[in-house]
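Below is one structure, written out as structure tokens; comments come after it.
Every chain is named by a letter (A, B, C and D) in the order it is written, and numbering of its residues begins at 1.
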Amino acid sequence: MTLLDWLIALPALGALVVPMMALPPENQRLIRYFGIAISLVELGIAIGMAVAFKLHTSSYQFVTKVHWIGAFGIDWYLGADGISLVLVLLTAVLFTIAMFAMKGVKDYRAYVGWMLLLEAACMGSFTALDLFLFFVFFELTLVPSYFLISDFGLGASGRAAIKFFVYTFAGSAFLLVGIVSLVFIHDHQTGHLTFSLPALMHTRLPKDTAILLFLAFAAAFAVKTPIFPFHTWSPDTYRSAPIPAVVILAGVMAKLGAYGLIRFNLELFPATSRELAWLMMTLGVAGILYGAIVAAGERDLGRMVAYSSLSHMGFIVLGIFAFSAEALSGSTLQMVNHGIYTAAIFLLLGMIYERRGTLDMKKLGGLQKKAPMFAAVFILVVMGMIGLPGLNGFVGEFLILIGTFITHRWWAVVAVLGVVLGAIYLLWAYQRVFHGELKDDRGFRDLAPREALLLLPLVALIVFLGVYPMPLLARINPTTSAIVHHVATAPALGSSTVSSIVTGGTK
Amino acid sequence: MFGTLVSQLPIRLPAISYQAIAPEMILFGAALVVLALSATIGRREHPELYRGIGLLAALGEGAWSANLLRLVDKHGASLAIAGAIANDGFSAVVGIIVAAALVLTMLIGPGFVRSVAGQGPEFVTLLLISATGAIVMAQADDLIVIFLGLEILSIALYIMVGFRLRDGLSREAAFKYFILGGFSSAVFLYGVALVYGATGSTNLLKIGSFLSTHVLINNGVLLFGLALILVGFGFKISAVPFHVWSPDVYQGAPTSVTGYMAAMAKIAAFAALLRVLTVAFHLQLQYWRPIIIALALLSLVFGAVFALRQREIKRMLAYSSINHAGFILLGVLAATSGGIRDSLFYLGAYSVMVIGTFGLISMIQVDTGKTEGSLSLTDVRGLGQRRPAMAILLAILVLAQAGAPFTSGFIAKFSVITAVIAVNEYWIAVVAMIAAAIAVAFYLRLVLALFARDENKVGAGDALYPVPVRGGSDAGFLQPSRASQVPVWIGIWLSVAATVFFGVFPSLLLNLVGKGKIFF
Amino acid sequence: MVVLGLVIGFPLLGFLVLLAFGKRMGDPGAGWFGTIAVASSFVAAIATWIVLLTKHGSNRTQVLHLFRWFQAGGLRVDVSFRADPLSIVMILFVTGVSAVIHLYSIGYMKRDARFHQFFIYLNLFVFSMLVLVTANNLPLTFLGWEGVGACSYWLISFWFERPTAASAGKKAFIINRIGDMGFLLGTFLVFFNLHSVSYSKVLPEAHQLSSGTAEAIALLFFLAAAGKSAQLPLFTWLLDAMEGPTPVSALIHAATMVTAGVYLMARLSPILALAHAASMTIAIIGVITAFVAAMAATSQTDIKKIVAFSTVSQLGYMMLGIGTGAYIAAIFLMVTHAFYKALIFLSSGSVIHSLDSEQSIRRMGALAKLMPITAWTMIIAWLSIAGVPPFSGFFSKGSVLEDAFGRNELLWVVGVVTALLTAYYMGRLVFVVFYGNARWQEVTHGHDPHESPRIMTIPLIVLAVAAATAGLLNLPYSGLRFLHNWLAPVFGSALVTYHLSSSEKILLPATDAVVALLGIFLAWRLWRRHSERKALEPAVLFKGWYIDTFYDRTFARGGTALAKFSDRVVDPTIVDGAVGGIAWLFRWVGGLGKRVQSGLVRSYLLIMVAGIVVLLAYVLLSAAR
Amino acid sequence: MTIPGSWYLVVAALLFGLGTFGVLTRRNVIVMFMSVELMLNAVNLTFVTYARMLNDVGGQIAVFFVLVVAAAEVVVGLGIIVAIFRHRATVTVDDISSLKG
């Protein structure tokens, strides 16, 4: 059992054990401590992995390969390279924060159980190297998040939960068909039925099939990221789910989409990625601008942050498909940064909601007078989101833009506009909520020590990653430059018809 | 011993290898024993005894089929009873699946039906007889024998559907099922007659060899016959457009009967369909594959879409069963050995799930006191608080039907999709998965209703942090109120355990099903 | 070069300590601590200057490398600071003026509810400004650049209870951000062509750039400078920035931050040298901004608005200097301007302070006798900004005008006219505020305004001395050109020196002096007794040529409309509608299904027979084929 | 002169069509049931005709199976019909439509 197996097995076992703990109501807190304990151990493992990670190699580390379903050539095949490692770290941190943020729940068993299962699924998705295993974990993330959104949500949570599940499930329908088709084409060509990513990378695909497969993969990840036209589920879901769930949904699961694009679209279809780069980058930039504009028009803080994360994910997608080492490293780093400050902003929104029962900007105003500490943390996180240099948002965004400028100049020029739009809607929202006169006579309690403790790690990370991101970058760079090289050197695909696959060319 | 006795008789009997038809004999024998016993010791006294015998018979049949499978592995397949019965891996595996379905139903069914329709042995007998019919259909290598098996199964089901005597809905369902069943059997039979006319034999093997050696000038009659046979099968597996009976019958019939019927009818019909298409009409592939594709796509899409607006759970599950039929048809249309294996896997996984699901629904009906016919979503609302255990188990089974990962449902859907893609039918796979996505919507609405907090009692407070959830009744799994609950819970736990186990370690079932090759 | 680290370290240390213990230090304590931090940074700056003085020639540029900030692909960005003559000049006058203003604000911000927070932002501002001027690569400069922008945002909206202050802060940040787009794109273009962003590599190799790219880079960075130094397209935020406390206006919106744009242009002089067309446009925009702002300043009634417009105008002059290649003249003007403009702001601040924060000049008057020190320091600043000979303004503005004359006569003409206007509107301010009849009775409810406390007047005196004597730094045509030979090695070939004929050398300064005195005389004649003259204060000028209202109507209101439209209409109906539409279609077909299930057995049979017929028809067709 | 087999087939097909039409149109349950039996007998006729044409005994054996099954169906069918219409005056099939939607 290597580190990665423990990484996934631990929370999964935790999720199985928790429902059995039928404790009387008063020491329900024990279950929450149990959840916190497991997520802390996860964090320990993740940090251990990061420390033990060999720096100057882009190959997969901590690899484990065990037979699972012989009939289809499926193995329990896990491995982590720079990108997966960084995202595993992010997942571990955010889950620990989410576990701490859980309160006010009478029956912790279901809550902690689903959270741990979700953690196992996310860890699995980031480290799976077997396409079937990835698909299983990718789908598995839906079940707990559905329950987390619907059972403990508020208002129209049921409907939003179903919309989230069906939308993502439909997206992954294409992914499944794509995976299986690729596997069978590979089987025809090499007679070796396997789902392992390194093996499938050598399949020679004719042009039109490769495009279809690329789009099938991209469809699922586009819904998950979300990319521009497929984002309508995210405002409803982020608004109606409880805060700890949203921290995970926006912070970790949004990265699944982007990670999938890098790991599968770029590595499996390098030539097609080059051809369709213009499409994905246009969608990315459209997402940046559209997300920002709609966010400016939004009256509800929760929905505004959902659209702003659509805009930020637009940057990440842009970076992925710019095919330059700077841009790809920037995107990966930005994934971590986005996770951190989105988690922080949603925790803050949760605290506002708890005090005032609404997130409508019209009903909130002049809060800074009553809660200066709260306002200070809020503005710091907002400045991080805007990409103020010295905070974590800037480094990733700068790398993405400079990388995109080198390869696709005009997309970068338009994307830079996003930098300004970001400032507009975020500062406008901050002003409507914190500046001006207090609209509501009910006081606004300042940060309680418990809440401050919850936000401290995230705020510290926002500042630390802004000033010194090198530890992460040192681990990301080798992998990203290898992927960029892989995409650049892939031979262009001939447009021979599908039949040629069936006859199976010589390997 | 029996063989030698018979051989003295003047009549010349065909060489009967009792080994091959042992499964039918075990079940049918048990049915007779139960009837005889009830006649001698009075109908009402020992209902448990009948269930015991039924259970024993089911287990015996399963063990025998497994033994048959081992023999086939060792000595290869063989024909029995003058070519009427095929004793190959396929029939053995279907035998095992029938046994599994029968065991679960024996555990779950009788408890509820007894509270509704008296203590008599009738229910157990009918179960055993219908199972015999199913096995006959699966093993049959002759169209007429398939018809025979079909009728044994169907007539037993007609009666079981109408079992709740004092309830109008049940009688109406039985009638509808009977009339439409009778009609479709007639159509099926006419098809058999036409095929007989075109090829000169009703034996699948002879038809296959005839068609491979002769080229028919106008194969109109043959194709008409084949089409009508497909209609007969289409009705039985409730594929769209021949599905119209199933929503009403699923709702009207007693819940555990519905579960059994959904499973057994599909097992038998698909087994026979697979054998007919593979053995007899493997050369007419380009004619019947488009029909099967049409049936599959219609069932997939309309099965999912029509369920969206359903408020009554059993009707909703009827449409979901149509959707599942569509998925299994994918395996059939692949017409490869992989396709057969995947269809069998789907059949196995599906029947275990569906019997468990309907078992749980009958438990809920008893719990909510709505024993007559319909059980709507509002009745189920907030079950998560009152009966957390029941709600969680039903949620697992429903999610398995939706295809959630780490359940056999997921592996089933995945394997059938691989079967279709292996024959380059990419677009069908995409439509199938989209239909699955639509289906997820109404599965989730059911799960949501289970766990939603009762609006009236707790009031869905507008707090982002969940309003303190009212504690459910004690988390005790077993309501020890009535002894008859114990086997039901065992049955349900077995089906849930099997669903999750084969989801995580599917290779066991995949290898078993892999042996189910149609030899002839 | 550890002493350079100290220069930057002290304000950072001050910021951190105040952040942690500011509240406990209380009213004056936090202020004094902030001032000491900045003052010690000033001392360290002088020490760095002395260290550099001992060296000469090319090795006057020392680089202090701390650690690698971030690195990916070909891009390597370090946290490294550069001490060369240009940055030394900047850090000297930035820390000097900041120390003085810190001292002043202790008095000005007395008894303010959030006294210590004010000094937290001030120290952070000084730190960011120092990082900006000493950074050794473009991204680190950008860190300083955005840092000062953020601090100005916090300081402008310091009294956030007032909605106007809050939106002014937001407006400033956003308009700066628009400028920063130019900065980013410029950086990318530099990296694209020279494969590095560090000055020590980019500046020496700047000559490899093709002229087209150089033009583009220059214009992009000018866009950033225009945003920060409030030039024509993006200057409106400076007017609203007056909502902030007066020391803020003095420090940030007069002396330091606004000069960042000029510094950046000076730093990138090697690139500008290649971009002739771009330099010309910079010069033209500069002089036009100067003229337009000066005209607008003539008819403002709010004392701080007048000074703000005057700042925009003086910055226009500096950009004129940059555009014509006279970098040293521009920096000389920047330094002297920092002194007298800060002085003007602080003295108007002490006037406002004593008149219980009344800012309109219509309710001031005859304050000279009551507030002698403020009056006299204001008069010194007025004389130097107007360009009256012995004072520093005469020399610095004079050298800029001389170089402008060398480049293109028309620029000089507009420059001189603006100089006249400058003298006039400052004169108007002084006469209306300090002389004429007193109009502050109802403002101060009867008791006479008294002179500001010593803690506020000492900085005034210090700045007055500096404003008066700063001219010595760079006396033209004489041996005493310290600034010139101090900065010359930094600019090297980029510096353009214009050779005027001997007659012009005398004529030009003379015209400057005459124009200055004429402006003063005009102001004296018109505003000696009047406080309001409708003819001379037209609405178009009062409203700042309606530029701000135009921006507000098109961008602000238009933008909100677009945002509201896309949020309320586009997203829900079109994007979500598409998804909702498909879901609705499925539900509608589902509804159809319900109707099919009519419950009638015979209709079921009909459906089945229909199915059979279709099947048979298909089989018939396929059999025929 | 012997009537060619195809004639019988046509008659059988007509009978089958008549049966189907009868099931569709007639409202009386018993008559519908009768029509189903008619369809079965049409099939029997087809079987016998083919058996004669192919002179193979298989067809005739099949007829016996069909007869047996038809008998079983009659028993069960009438049982159900009696159960439903015991409390109703008429025997029209359209009354029983409470299971719908």
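Annotations
One rule holds in what follows: contacts are C-beta pairs under 8 Å (C-beta built on N, C-alpha and C of every residue); 3 or more make two chains touch, one makes a residue touch a chain.
Note that the structure is a prediction, hence the values are computed from the model and not measured.
Core chain by CA centroid proximity to the global CA centroid: A. Each of A-C and B-C has its own count of C-beta contacts, and the greater count is at A-C. Summarising the inter-chain layout, the chain whose CA centre lies farthest from the centre of subunit B is C.
Centroid to centroid, with C-alpha atoms defining each point, subunit A and subunit C lie 38 Å apart. Per-chain CA centroids place subunit B at a distance of 78 Å from subunit C.
The distance from the centre of subunit B to the centre of subunit D, each centre being the mean of the chain's C-alpha atoms, comes to 27 Å.
One simple way to say how far apart two chains are is to compare their mean CA positions; for subunit C and subunit D this gives 96 Å. Within subunit B, contacts with two or more other chains are made by residues 175-176, 179, 183, 187, 247-248, 438, 441. In subunit D, the positions touching at least two other chains are 20, 23, 93, 96, 98-101.
In this structure, the chains touch in the following pairs: A-B, A-C, B-C, B-D, C-D.
Of all the residues in subunit D, the ones that touch subunit B in their complex are 9, 16, 19-20, 23, 29, 32-33, 36, 39-40, 42-43, 46-47, 49-50, 53-54, 56, 58-59, 61-62, 65-66, 69, 72-73, 76-77, 79-81, 83-84, 93, 96, 98-101.
If you check the complex, the residues on subunit B that touch subunit C are 175-176, 179-180, 183-184, 187, 218-220, 223-224, 226-228, 230-231, 234-235, 241-242, 244-245, 247-248, 286-287, 290-291, 302, 304-310, 319, 438, 441. Interface of subunit B with subunit D (complex): residues 144, 147-148, 151, 155, 158-159, 162, 165, 168-169, 171-176, 178-179, 182-183, 185-187, 189-190, 192-194, 196-197, 200-202, 247-248, 251-252, 312, 315, 373.
Looking at the complex, you find that subunit D touches subunit C at residues 20, 23-24, 27, 93-94, 96-101.
Considering their complex, residues 341, 384, 392, 399, 403-406, 410-411, 414-415, 417-418, 421-422, 424, 426, 429-430, 433-434, 436-438, 440-441, 444-445, 447-448, 451-452, 460-466, 468-469, 471, 475, 506-507, 510-511, 514 of subunit B touch subunit A.
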